[in-house]
Every structure is written in C-alpha cells, then in structure tokens.
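Multiple structures are listed underneath, in structure tokens.
Next come two complexes, and both contain subunit A; in the first it sits with subunit B, in the second with subunit C.
Let's turn to the complex of A and B:
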C-alpha cells in the first residue's frame, strides 16, 4: 500500500517534471514544477519525513516558485521562439550526454540500492518522523552549520539587493 | 525497506528526476527554465538523502535536506536578482544571445 502511494506520487512528479522540461512557455514550466514539488512532498511523507514535506510545500512550492513566477511576470518573458539556427552537433552531443548520464546514474543506483546495510529492524516509524529529534540535533550537533546558514541568508539578501537595484538610484 | 517501500524504488525515482533535470538544463535556452531544472535536480538529491536517512534509521538525512532547502532559497534570490540585472542590460535572458564574456 505504502509502496503504491510512493510509486504513484513519484510517477506524477516525473510526469510533471517532464512537462516542465518540454514546455516552451516559462510560466507553464513553473506551474508544472509546482505540481511536481507537491507530488515530491507526498514522496517525502512516505519516506518518513513529514516535517521536510511541510518545508517543501511552504518554502519551495510556496516561496521560491512564487518568486520565479513574480520575476517572470516582472520581466515579461515570452515563449521561447525557435531561432532558426540548427545546431546539429550540440543537439547530438546534448542528447548523448543525457542518455549516457541517465544510464550510468540509474545503473549505479540499482546496483547499490540492494547492497547497503539496513538498520531498520526494530525501528519505530513514528519515532523516526517526529520533528522533536530533528530540532534537538539541529540545535546541538549542527548548531555551527545552522549559524553559518543564517550568515549565508544575510549575504544573499544583501547580494540580491545590490544586484537588482538600479544604477542611478541613490 | 522503509515501511514497505524498497530503497531501490526511492533511488530510481531520484535518479530519473535528476536525469530529467539534466535534460532540461541542457535543452532549454531560457535562463529561468535552466534555473528551474537545477531546482529539480536539487530536489532529486533531497529525495535520495531522505530515502537513505530513513533506510539507515538516522535523522542526518533530514538535517542535510533542511540545509539544502535553506541554501536553495538563498541561491534562488541571488540568481533571480542576476537575471533581473542582466535583463536590464541586454533585454533578453536567452542564454544563446548573452555573450558578455565572449571576446
């Protein structure tokens, strides 16, 4: 049952990721990715991480993709027009790279997926999914990383402000 | 196994999503769509991390994904600011038409 839900959500995520890649209209692309991220949030719940699934919906689908949509509307970017310049070498090399990469990655993952040692015997899934333990780790063992991320976010804030402001502004 | 989900299912889904993201980053010419493909690749990596974390019975996978999401937010804001600045200079965000660094 869990496997069925996970596989269905993963297939939905892949389908809409495909729509995102194929679409020439960037707005359609962003909306397809929103659906894909919601399906991925379902996958996250199925692998015992409901807190991360909540973050995925709030931060990724809610904030980051809305920011993308906002910038698309601001810049008024239209559909990608075919530019009438065939690039046969790039097309062949690009497709080849994708296929070789996908084949290698999937082969590697299939080979390793059955071999890693699993320590799940006697593990309580409810205990795994509780965010309390996550918070304890985050504010003890990973406190330095947490503070580093806060500095990074401040730097990104200042950087975005400097980059996007007009040059003639005071 | 996570519940009744085999780890190989999680890893296959993650690898397929990553490959779709690579294809998007190579195929599209609109800079924002390339950026979206990169976000998709990060999410594929997150799925693999969560799958391994749950299969090994630790919380470390979730912690790493937490940081990845925070860094993705920072990256998106700076990246989009770069696109806005670029659009102001060149009136396009088609990566084939932008050759500021080309001699």
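Let's turn to the complex of A and C:
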C-alpha cells in the first residue's frame, strides 16, 4: 500500500515536472511545479520523513513559489510565443545532454543495483527523521556549515537590497 | 480491523470535516446578529424564529444563482481556485485534538483526526497553500481589481505568516514537540507557585499569544485586515468576478478558517480541550472535553466577530508596518523569552 502511494506520488511529481518544462504559460509552469513539490512531499511522508515533508511544503510550495508567482503577476509575463526560428545547435546539444544524463542515471542504477539503501537497512529511519535529532545534528556536527550558510544568505539579502535601491532614494 | 473499528475511524476522521461547514450557517447568523447588536439595530429577524433561517435561505439563493465565468478568464484556474480555498480550510482541522483519548467498551478512541508528529507544521503548510486559492483567483479573473486584490493578499498572508510561525515556535519550545496532542498535554495542571493559575501557554507567553491572534486576523482576511477586498478601492478584490456558490465558497472558507484559527488559538495557548483540575474518564469525559473545546473555540470566534465590527480597516502601508516592524520583532523577543524560560526550567 505504502509502495503504491509512493510510486503514484513519484510518477505525479515527474509528470508535473515535465508539464512545468513544456508549458508555454509561465504561471502554469509555476503551478505545475507546486503540484510536483507537493507530490514530492507525499514521497517524503511515505519514506517516514514527515518533518522534511512539512518543510518542503512550507518553504518551497508555500514561500518560494508564491514569490515566483508574485513576480510573474507583477511583471505580467504573457504566454511565450514560438518565434519559429530553427536552432540546430541547441537541438543537437540538448538531445546529447538528455542522452548523457539518462546514461549516467542508468549506469548508477545498474552499478548500485540492490545496494540502493533501503528503509530497513541499519539505522532506524523514524529515529533519524525526528525533528529533535535533526536539530541536534544541525547545531552540533554541522554548526559551522549552518552558520556559514546563514551569513551567505544574509550577504545575498544585503546585495539584493543594494542592487534594487534607486539612486535618488534617501 | 473489525467493522466497529472502521466505523470509529470514519466517525473521528470524517465527521469533524463534515460538521465544520455545518457550523458556518449558524455562524453567519451569529455574526450578523452580533453586528446588529453592536450597531444598535435588530439584524436579520424575519425568516424563521429569531431570523435563524435567514442564512439557509441565503445559501439556497447562492446555489441557485447563475454561475458566470468571464470570457477572458483562465477557465481552469478560475474554476479551481474556490475549491482550493475550501479544501485548504477543511483539511487543517484534521490534526487538531478535540478531546482526550477515551476508552469505550474496550475500544481506544483518540479524539483527533490524525495525531501526526508534525501537527503544527502541517497546519502551517496547509495555511501557506491557501494563499494560492486567493492569488490564483485574482490572476485567473484577468481583471485589474482582482489582480491587485490577489497580489495584496499574497503579500499580506506571507508577511503575517512569518510573525505567526515565529510566535508559535515559542509554544513548540515550551512543549518540545510539534504534536498538537502533546502541546495540549503539556498545558495540564497548575503552577507550583500559583496553584489557581492553569499551566496554559498564554501565561508565560502572553505576547506570543497576542502576535499569534493578531496574525490570525490577517491570515483569515478578516477586518481590520481585509485589504484584499477593500470595497472602496478594489471593488471586491480577488473575488470581484465570482458569482453564485463559487463566490460563496470564499465565504465558506473564510468562516471555516475563523473557526480553525480560534481552535488553534485555544489549543496552542489555552490548554485545548483540557479543563484545569478535571480528569476526563469514559464517554462522559469525552463529551465534557468536547464541550470545553467547543466553548473555548466559540469564545475566540466571538472575539473575531467583535473585533470585526469594532475596528476600522488598516491602510496598506500601516498593515505592512504593523506586520514587519511590530509583530515580527515582538514574536522574536517572545521566542528568546520562551527559550530563556526553558533554560531556567531545565537548570532547576
């Protein structure tokens, strides 16, 4: 039963990721991505990580994509019109990239085979995914990385603010 | 699982979701009567006894009216958005405990839809999705007032969600869990020093409660924060183009959100279904706890209505200023205060 729900959600996530890429309407693309992220959250729940699932929905679907939608609406980006220009180089390189990526994925799957870590292996996944355990790791073993990322984000924030500020602003 | 177990699961999971919309009809009547009382006029009192049938009549009217879709609208999203609003409003209630775990004839029945470990996060996740219902309604209508209303509302909900989440983080700190049933369990009993004071979170974290409750008004788009539908400037905001029951869906969602926000306030800060000094047992305990929970929720619903008919609407810049410059810093101070209290408790 769990396997069935996981597979269905994974399929849905991939399907809507595809819709996101091919859709010519940017707003529809964002919405497809929302559905995809939501399906991904369902996958997280099915591998017993409800905390990550919650964060996935709150941060990505709830905050970042709303901002995307916001910008699209404010700029009033219309439908993308195909300009009819042939792009031979892009077509060749794009197809090549798809094949290389598919090859890499297949190779990885074949090489690891049954060695793909399963839920039942070793560590207790429920214990690992607990918010308390995650917080302990984040604020002990990974404290330096955590602080470094927060400083980086702050720098990005200040940078965006400086760029967006008008010259004549007080 | 036996047939009885299935019946119990269906009753405790499906029933609250079905009962919630049923409460909306009398709630609209209560709102209009209280509004009339505050403004010193009779209010709806003609249809049925005390005007009680006014709301059912209104809803019947909404269902039978013509459902129009603007020619230039994005049809799929236009039709989808109201459904999304109701869905988001209804699914939040699933994790709120409305009673203790009771034993009836050998069956253990937890009085909660789903006692998940990320209860509080789930509520915030669903709330953050409900913003799509409003933003999409505004965008898909393809009309300037609707779009402005949708964009405003999106900015408002995101801004106040931040303050609300930070305030609720204080409660998580005090309880050590996202699980709402644990948060309720941690609030039982009384303080050692002041035995008549229940151990409700509102006592040590009064400012957290204040921020949470004020943000709840903004999250549910109620006055004094109903800027997305400021009539004087935006016609009717994001639902300008909606008619019939699709229009009604937004009001259904708003009232359900008011009930859920009140229930959340009662759960996080006022001990949920628990009554100080009362230990529920069996069916009677379940019924009493349910009544206590309903009474606390009803009280906050009444406060919602009271405030709506007392305070005027904020201006947009005032709204943003309040959210970012007052409520968010206050929530952060509350969080540090809660962390300090927790450290003090651990060292004693």
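Assorted remarks:
Please note the rule applied: the second predicted complex is superposed on the first by the 150 of 170 C-alpha atoms of A that agree within 3 Å, B and C clash if a C-alpha of one lies under 4 Å from a C-alpha of the other, contacts with A are read in each partner's own complex, and residues count from 1 in each chain.
One rule holds for everything that comes next: a residue touches a chain if its C-beta (ideal position, glycine included) is under 8 Å from a C-beta of that chain, and two chains touch if they have at least 3 such contacts.
Note that the coordinates shown come from a computational prediction; the quantities given were computed from them, not determined experimentally.
Contact with neither subunit B nor subunit C is seen for A:89 once the two complexes are overlaid on the shared chain.
By the document's definition of touching, of the two partners only subunit C reaches A:34; subunit B does not.
Contact with subunit C, but none with subunit B, is seen for A:54 once the two complexes are overlaid on the shared chain. Once the two complexes are overlaid on the shared chain, A:7 sits against subunit B while remaining clear of subunit C. Of the two partner chains placed by the overlay, only subunit B lies in contact with A:98; subunit C stays clear of it. Shared-chain residue A:63: touches subunit B and subunit C both. After overlaying the two complexes on the shared chain, residue contacts for A:44 are found with subunit B alone; subunit C is out of touch.
Counting the residues of subunit A touched by each of subunit B and subunit C gives the higher count for B.
Once the two complexes are laid over each other on the shared chain, residue contacts for A:74 go to subunit B and to subunit C alike. Overlaid on A, the two complexes show subunit B and subunit C touching the same residues of subunit A, namely 51, 55, 63, 67, 74.
Residues 1-3, 6-7, 10, 13-14, 17-18, 20-21, 26, 29-30, 33, 36-37, 40, 43-44, 46-49, 51-52, 55-56, 59-60, 63-64, 67-68, 71-72, 74-75, 77, 80, 83, 94, 97-98, 101-102, 105-106, 109-110, 112-114, 116-120, 123, 125, 128, 133-134, 137-138, 142, 145, 149, 152-153, 155-157, 159-161, 163-164, 166 of subunit A are the ones touching subunit B in the complex.
Residue ranges of subunit A in contact with subunit C, taken from their complex: 27, 31, 34, 38, 41, 50-51, 53-55, 57-58, 61-63, 66-67, 69-70, 73-74, 130-132. Subunit B makes touch with subunit A in their complex at residues 1-24, 26-30, 32-33, 35-37, 39-40, 43, 46-48, 50-57, 59-63, 65-67, 69-78, 80-85, 87-88, 93-94, 96. Within the complex formed with subunit A, the subunit C residues making contact are 77, 116-118, 121-122, 124-125, 127-129, 131-132, 135-136, 138-139, 147, 150-151, 154-155, 158, 161, 176, 178.
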